[in-house]
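Two complexes are shown next, each including chain A; its partner changes from chain B in the first to chain C in the second.
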Partner chain A sequence: MNKIVICIKHIHNIGINYFDLYALEEGVQLKEQNQDNSKVIVFTMGPRGSESTLRTAISKGADEAYLLTDDKFFKGSDTIATSYILATAIKLLVGQYKIIICGKKTYDSGTEQVGPAIATMLNIPHVSYVREIKSINQRRLTVERVVDDGYETIRSSLPVLLTVTNGVHKPRIASIKSKLLARKANIKIFNAYDLDINTSKIGLYGSPTQVVSLYTKKKKLKKKFSGSARYIVSSFIKQFNNSI
Partner chain B sequence: MVMNYMLSEEEQLLIETAKIVANEKIKPVRQYYDKNEEFPWSIINELAKADLCGVYIPEAYGGLGKGIMGLILVVEELCKIDAGIALTLAATALGILPILLFGTSTQKKKYLPDIAAGKSIAAFCLTEANAGSDVTAINTTAIQDGDHYIINGNKCFITNGGEAQVYTVFVKTNTDKGLRGISCFIIDKETQGFAFGKKEHKMGIRASSTRELIFNNCKIHKDQMIGHIGAGLIIAQKTLNYSRPGVAAQALGIATGALYEAIHYAKKRVQFGKSIITFQAIQHMLADMATEVEAARAFLYSCVRMIDAKISKRISKESAMVKLFCSEVAMKVTLNAVQILGGYGYLQDYNVEKMMRDAKITTLYEGTSQIQRNEIALGLIKETVINE
Partner chain C sequence: MNNMSISLSYTYKGVCIYAEYNRGCISTTTYDLIHIGRSLATKLNVTLSVIIIGSNINKTITQDYINIGVDNLYICDNTLLYEFQDNIYSDILLRMIQIICPEILIFSATSRSIPLASIIAAKLYTGMTSNCISLDIDIKTRNLQQFTEDMKTILTPYHRPQIVTLRAKIFNKIRVKCKANRIGKIVKLPIDVNNNIFNKIKAINFTKYKVDNIFKDLSTAEVIVSVGRGVRTYKIFQLIKEFVMIINGKLGASKGIVDLGWVPYSCQIGETGISVNPRLYIACGISGHKQHTIGINSSSTIVAINIDPNCYMMQIANFALQGDLGEIITEFIKQLKKHN
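And now, the complex of A and B:
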């Protein structure tokens, strides 16, 4: 059986991370194209509330879902620690896999690091910013990735990790029946103990970087200019010069 | 829009799904289909993929079994964005209801699963050139010939005509028996002797197809009859009792969509140095529109809950009332939405122009507002007879 692993993130008050929808769609399309009983397995690391995002993934075609959650040991994990938890879980719970797909970045922190870090820890190649899987067989695949001024075609051996952008396959709309089934689906939950993970490498203490504070940028006071065009322009320039 | 009707989780799921399809799939193409009068098959495919085609069909036949409530919630949500496209779904419900309500289990097994899966759509065929509100005036005949009936005549203004695979057709099986001489047949699109005539060009709901049907020695097996011979009029009346809330839901959806457009425009539009929503004249119009829309919704939902609960066989008065009320509200609200948008509202670039055109049909089809009033009055008279 070919196992397709998708790593997704639940964002508070929003749900599934935008680019992860494309990762999932690419994985589900791979499964549907290859009629060889492939399986799409989704992972997320996060608080218990992330379960709803896994159910969204199931309603859009995922077969199995794992929630990695641990209030004590996982909290405060940075990108390296998060990648370590995901890589450990994939190794332990999936074993052999054909491909791992992640969104190119998250909507909240947007570091773009977790995907490539998982690949490094699992010692497999990775291709980032993929917009389309052009072809795939048992040993290798060809993908098209987005670069600054065009597209690059890359061939890689398998298994491989891809991070995908909002590519050619638009995420599907979940049907009502699949949503009803997803509500009843079994979500497998694992904590640090279940994963037998080295706790010195995770959580706040295991994270080389730590978020010290988080704040919303305050908007500077907007000034309104009115009057004749000449007056508006001259007073704007005066204001602009004063402010820099 | 924040009023809570205590809908079940599953009902909310229907609304949520319909909303996604409406916004992602219908919104980008609604002007195209309206302008080109093209039948929206690609959208029906999307509705089918999302399981929205069979919400009212029992689970045993591949549907979701959510009753008329399920149907109206989906229709309302779709009509907030486009009533013309949503009509394909509502008219299919109307077309298939005679089978759902009166069909044999063989007929149900044959037709309902494909409708539920969105593989086929249906049409209800009653109206003729000289038989609109007066059903008894129909001229299409079915003459028995052994195990078959031979059908001759024309039907007009048939929604989904030419596109539907399944037609429930009302014909005279006995021209001398008046009200009891009407029977209903299921006719498949490919049947020999069945053809399509003129396609109508309409003021609104232009994505929907409205066509003439022509029966010329069309031979139908007697097994295709719904109910017994002469039961056609009762089948038509009962079907309409169940389907009129669907028209009310279209009207409610259109009105809600127009209200939304009007509020957003009024917030953005600046005149005399202020956004026009700060003017009391506009505020009062919006307040009345919102109140009427909410009253329409409360009436529709409670009426449909009653219908689905099957606590009463007499639903024709309530079904007529809710259709009358919601469609009149839709016309008023869309007129006022255009008024609030002013000159812009009269342009095709702004959605309220289309909503106003689309709203009008809800006061006309499945019985005009005047016919609804007749129905309501008849109900009042009958009720008081029973009570006295």
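And now, the complex of A and C:
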């Protein structure tokens, strides 16, 4: 059996993260294309309330859902610590898998790190910013990805981790029936103890980065420039670069 | 645990920059990074190193970098490394970092460097902050203060190196002090060609964006230049297109220009078109009727270029540039090209 792992994030007051919908859709499409009883397994790490996001994922085609939640040890984890928790859980609870798919970034913090960091910790290759899976078989896949200056085609062996952008497959809308079924679905819940995780590396105190303060933006500028074109442009660039 | 990390942090010294090199080209953001890295290194009284990985690395670049303030250059040059491939580069980069042991490691925030930086952060289990807009140093604790776009200040107090990816300046015009024939150290490292990662992953094709891509994906764009009736001639419109390419932006328009057929309807901004929320919105010859400004309300910084200082767009702009549009755009192109 081929296991397809999807990592998603629950955003407070919004629900499932935008790019994660595309990750999920890509995974469910892979399952539907291959008639070989593939399974889509979703993971999320977050507070208990993230359960609703996992049910959304089930209503859109996921088969199994895992919630990694621990108010004492997981809370306050930064991106590296979060990646470590997810990688540990995937290793322990899934074992062998064909592919892992994540959204390219989250809408609340947008660090773009979690995908590549999970792949590194699981010791598999990864491809970021994928917009289309061109072909896939049992041993390798070919994908197209978006970079700053163009499109790149990459061939990789399996297993591999992909982070996807809003690509060719539009996320599906769940039917009423599947929504009702998802309400009753079994969500498996794991904490730090269940995963046997090294708690000195995670949470508010174990995370390498610490948010120390929030700064407020400087007052909105209103500046006017006139004169010769040369003067306008050079003084604008100088002031613009100093304003941020 | 934390005490141990603190004492460990003293063995990490110096500032290090990763210079992105892909298909024989150095990234233009590197000068920016060197400028910032140099000032951090001077404040900390340590050396500044630069790492370049690629194929056929240009010799004049290396002396240029030393002249503008780089102390040590670490180079890995091999034809197998022609295409940037983060999974492959990361092994080499990690080896170099273990030799250099920098306390600060800076990448540029591009679609190639961010995943590479993430791999390194994961391998070393250290802190990384993405998309910083500026950096400063706390001399006493030697902690790097990392300022992000969502207005957080982030520290990596007990782990080294402190990794950041830094956003490029939109108007890339920093002048770096240059000293001819400055002395620096160049270290060349071989690669391990037997590494089996070469069989695992490979870039097989690359298609560079064409000009038309300045019309794509406006709703998620960071920098948008928008044209209105004030553009007057097609020649000035072409100049604006060139300007958009230089600052890596996207092109939008008011209804009048879309009606002329110069810009596709998908780029029409305002009531009858799309809403945008870029970091920077540059309105060229747009007077700012309500039907247009309704689509740009959430832009963080608005720049207006217009001949009429009293029009609505010039009143709401953060930067109002009053003058002839053609002359100002020509001047922008001239000044920005000079630097790059």
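By our rule, the second predicted complex is superposed on the first by the 212 of 244 C-alpha atoms of A that agree within 3 Å, B and C clash if a C-alpha of one lies under 4 Å from a C-alpha of the other, contacts with A are read in each partner's own complex, and residues count from 1 in each chain.
Basically, contacts are C-beta pairs under 8 Å (C-beta built on N, C-alpha and C of every residue); 3 or more make two chains touch, one makes a residue touch a chain.
Everything numeric in this text was worked out from a predicted model, so none of it was measured.
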When the two structures are overlaid on chain A, which partner does A:Pro208 contact: first (chain B), second (chain C), both, or neither?
-> second
Could you look at A:Glu152 and tell me whether it touches chain B, chain C, both or neither (first, second, both, neither)?
-> second
Please work out whether A:Met1 is in contact with chain B alone, chain C alone, both, or neither, and reply first, second, both or neither.
-> neither
Look at A:Ser175 in the shared chain and tell me whether it touches chain B only, chain C only, both, or neither; answer first, second, both or neither.
-> first
Figure out whether A:Thr120 sits in contact with chain B (first) or chain C (second), or with both, or with neither.
-> second
Touch count on chain A, higher of chain B and chain C = C
Residue set of chain A touching chain C in the complex reads 78-80, 83-84, 109-113, 115-121, 125-129, 142, 146-157, 160, 163, 200-201, 207-217, 220-227, 229-230, 232-234, 236-237, 239-241, 243-244
In the complex, go through chain C and note every residue touching chain A.
-> 1, 86-87, 90, 110-112, 114-115, 117-119, 121-123, 125-131, 133-134, 147, 150-159, 169-171, 173-174, 197, 199-209, 248, 301, 303, 309, 314, 317-324, 327-328, 330-332, 335
Under the touch definition given earlier, write down the residues of chain B that touch chain A in their complex.
-> 10, 13-14, 17, 20-21, 24-25, 46, 49-52, 55, 64
Of all residues in chain A, those that touch chain B in their complex = 172-177, 179-180
